[in-house]
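The same chain A turns up in both complexes below, where it pairs with chain B and then with chain C.
What follows is the complex of A and B.
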């Protein structure tokens, strides 16, 4: 039977970008912000999100200028083959390593809490099985699985209300970007910026969308949904713990 | 990168199924002759022939398929004292159909018709009578309020019941013959201008391309035409309820009947259709919604309760409230097995009990079921074989699985439960969530007639959600479900 090749719509794209950007760094985000940006670092976090938004806007320009052509076609037309294949290999290895480190990071936390005697590589292997099962689907199937995972997890953001009893605004302090233990430098701010890894997935969605899909509308919404969800966590942490407690989380 | 993974998955998982359509060679039409038909039915003691020498007529038929009244009315009474010329006039009546094809003649006899040989001509007259039980309530799908009739094994009776429910000329039926030896009749029904014609044509092609000796039941036929034969989840809904079938037809779906099977199949179907019962629509919408929510809670309980018990008692004791911790420790103190083994043993026992209960004769089944349940529950705990909290968990899971209206779906979920229990025993809550993740990923790839199995959750359709997790009020259900891809979306008006 000929399957209809469906195009992604703005809802799928939003959830894909949301789930791609929401990662393990959420657990360490308050500490990262406290160490690298300082007091009221959530404002710096919002500024970094705006920079990421500008980055997405640059992708949008590429999409418009390329008239919806796939990123691979654009690269092929711009670069010789001798350069493209090492670039592809480099990108693939980079993303494999990034995903592996993110996954390993996640499982090390679990291993520390509940599976002290279990080899983390065993858990990592099962994680790879899951990733493989997901990647052998087409992007539309991945989008569907992502939608279900989104609804299974988004409600946890609402659990932040349980902290309101012990939340106090005075813990934010009236100071701006002070007492950052790692100091202020480009590298420190980039470390916080790395929490936004995931929106580059939009590059690979070019061939799977059409004009009705409103690709970048979905990417922007997804990115800002992640920003707001992570901001909720950061604000809760900053109001629950004192600044120095956050640094030692 | 994606292409590499797709090729690898094809290599690993393709079962080598033929997806090419089989073109049936048309055979040259052979004229039917009396001797030829006799030869076809030689060594058949249930085959009968009659001769009327007064009009030189030979009749061939299967007596156990014909009714005595139609036989008397159309054969015996007209021909017993007729002359040859009178017989020629009789055979001009509309119920006597002229045939020039031997295969059609043989099929007609097998369908309960009588073949009449007169001069050089062959006629078929339908004198069949339905063989089988009368319309009765379905034993597997009962409702508290609503119609209590159900489909039976006879295809004609089923079509008659359906026509009584949908009195519309737009209800179209298409007949096929499936099975090289059994030649089972399969009828597809759909409502013209509501059902998607592309889907109808696709389904027709699939049925025509079935290569099998016999198809005995709808549940067997759907396995031969579905897109994911290796999935544990059913992809075509089957039901014995005429009211459910009628409502699916009106919703733009296509249904199929198999002669000899009391179940009709419906497509396209999604995962959530298996949790819907006709009961929901016969009660107030709030009550129907509550029942549907209860079924989904039952689904979550049956799939994860025992696994959660295993993961918590093995790895995550910190999750148990301290007041319950003492009771749990006390109940598990005498058990020599780890929670995983204990849970697998009890789940297997419950499955054995359920399967045995389904196979036992009615008179013995109930007694054995009660005794078995009490003995296994009480004695197992007292012997220290298992803890009483696990018995509660396993029993609750088993009861929750029976809230799912579709027996086939509940059986699939019971099977998946074992996988979740094993993963929970290996990696605790992480393993449980990984297994749930794998199930979700699998479901995301399952399709039915080209539509997503997780519709309307993924892809999201907000209008359809009103009749998925809840049963919305009728004033809110004015559009046909998006899965049927109907051109006629509104349920309010029907173009004549």
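What follows is the complex of A and C.
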């Protein structure tokens, strides 16, 4: 087969980052924010998004300084092998665990909504088949699949419009970051921040892009799109439910 | 028929000093008259005002007795608590015995009625 080395387009990068960041935490995000940040937590959420933006900016510097070299090459040239392999192992295991936990949460929700009597192992098997089918493709194929999934799911954000009738600004309260039941700590804010996990994918896209793909324009736009979509959900939840209802979502 | 409700917490600062809570509820009722068999002539604005007044009074009495009943039962279906919570500092709200404050509150109801139109048929 004649293999053309395809490069990712900014559009696909945007959607890749969007779909990577838009994960299962969306379902519990309003509760996470209410518990860990408190009243008007959406402001804290925006602040955390700004921090994530700064992190992406740091990646951008790595990209600029490394002149598009892949993260693996940069690591290889900077650290001895004895250090790198444990790091790779650690990262690989960390991401496998993260993906497994996210996947497990997904099929718990699937089971609750539509497959109450199905064996969870069977859903897990389907999940594995899907992941396998994705992973045997290159990043370009994954990008195309992601585009399809994006258009299959993005319209659900528009459904929030239907809640406006029962939406009241008074439920927001004028108090800032109060009555957070978990209290404020670095750990608790990090728990909300974990919803942004996914943008680190940008680090591995370096070899798959060229100057024309405008990698970081896509990453930034994807990240801000996720922020907006999740903000819409959070604002809807905060105006629709009372604060204590959100805490038990 | 359309109605809007607005709740004003009048005496948040007095409440902090241990005085009674004072709340004003403004209800705006707006609607079209579908049928009227009374003696007033709906074509005249003045007489329309008169009917609006009668409706207002009747709604007001009903609302007042409803509010009093809710206060006796110590339940707050109007969501007044939300407005009080937003008007006082967080600590005060948390340590407030809201049910008692609510049952003891001075809640006034102000109704505003407007007949938008009265139809075409006259007898």
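Definition applied: the second predicted complex is superposed on the first by the 240 of 249 C-alpha atoms of A that agree within 3 Å, B and C clash if a C-alpha of one lies under 4 Å from a C-alpha of the other, contacts with A are read in each partner's own complex, and residues count from 1 in each chain.
The working rule: contacts are C-beta pairs under 8 Å (C-beta built on N, C-alpha and C of every residue); 3 or more make two chains touch, one makes a residue touch a chain.
Worth saying up front: this structure is predicted, and the values here are computed from it rather than measured.
S.K.: Check the residue A:149 against both partner chains and state whether it touches chain B (first), chain C (second), both, or neither.
M.R.: Only chain B; A:149 stays clear of chain C.
S.K.: Looking at the overlay, does A:223 come into contact with chain B only (first), chain C only (second), both, or neither?
M.R.: A:223 sits against neither chain B nor chain C.
S.K.: Per the contact definition in the header, classify A:208: touching chain B only (first), chain C only (second), both, or neither.
M.R.: neither
S.K.: Can A:174 be said to touch chain B (first), chain C (second), both, or neither?
M.R.: second
S.K.: Applying the document's definition of touching, compare chain B and chain C: which contacts more of chain A?
M.R.: The partner with more contacted residues on chain A is B.
S.K.: Going by the contact rule set out above, which residues of chain C touch chain A in the complex?
M.R.: Touch residues, chain C against chain A: 79, 82-83, 85-86, 90, 94.
S.K.: Chain C touches which residues of chain A in the complex?
M.R.: Where chain A meets chain C, its residues are 170-171, 173-175, 178-179, 242.
S.K.: What part of chain B is in contact with chain A in the complex they form?
M.R.: 1-2, 5-6, 8-9, 19, 202, 205-206, 227, 315-316, 427-431, 434, 437-438, 440-445, 447, 449-450, 452, 454, 457-460
S.K.: For the complex, give me every residue of chain A touching chain B.
M.R.: Those residues of chain A that touch chain B are 1, 3-4, 6, 9, 11-12, 92, 107, 110, 114-115, 118, 123, 126-127, 129-130, 132-139, 141-145, 147-149, 151-152.
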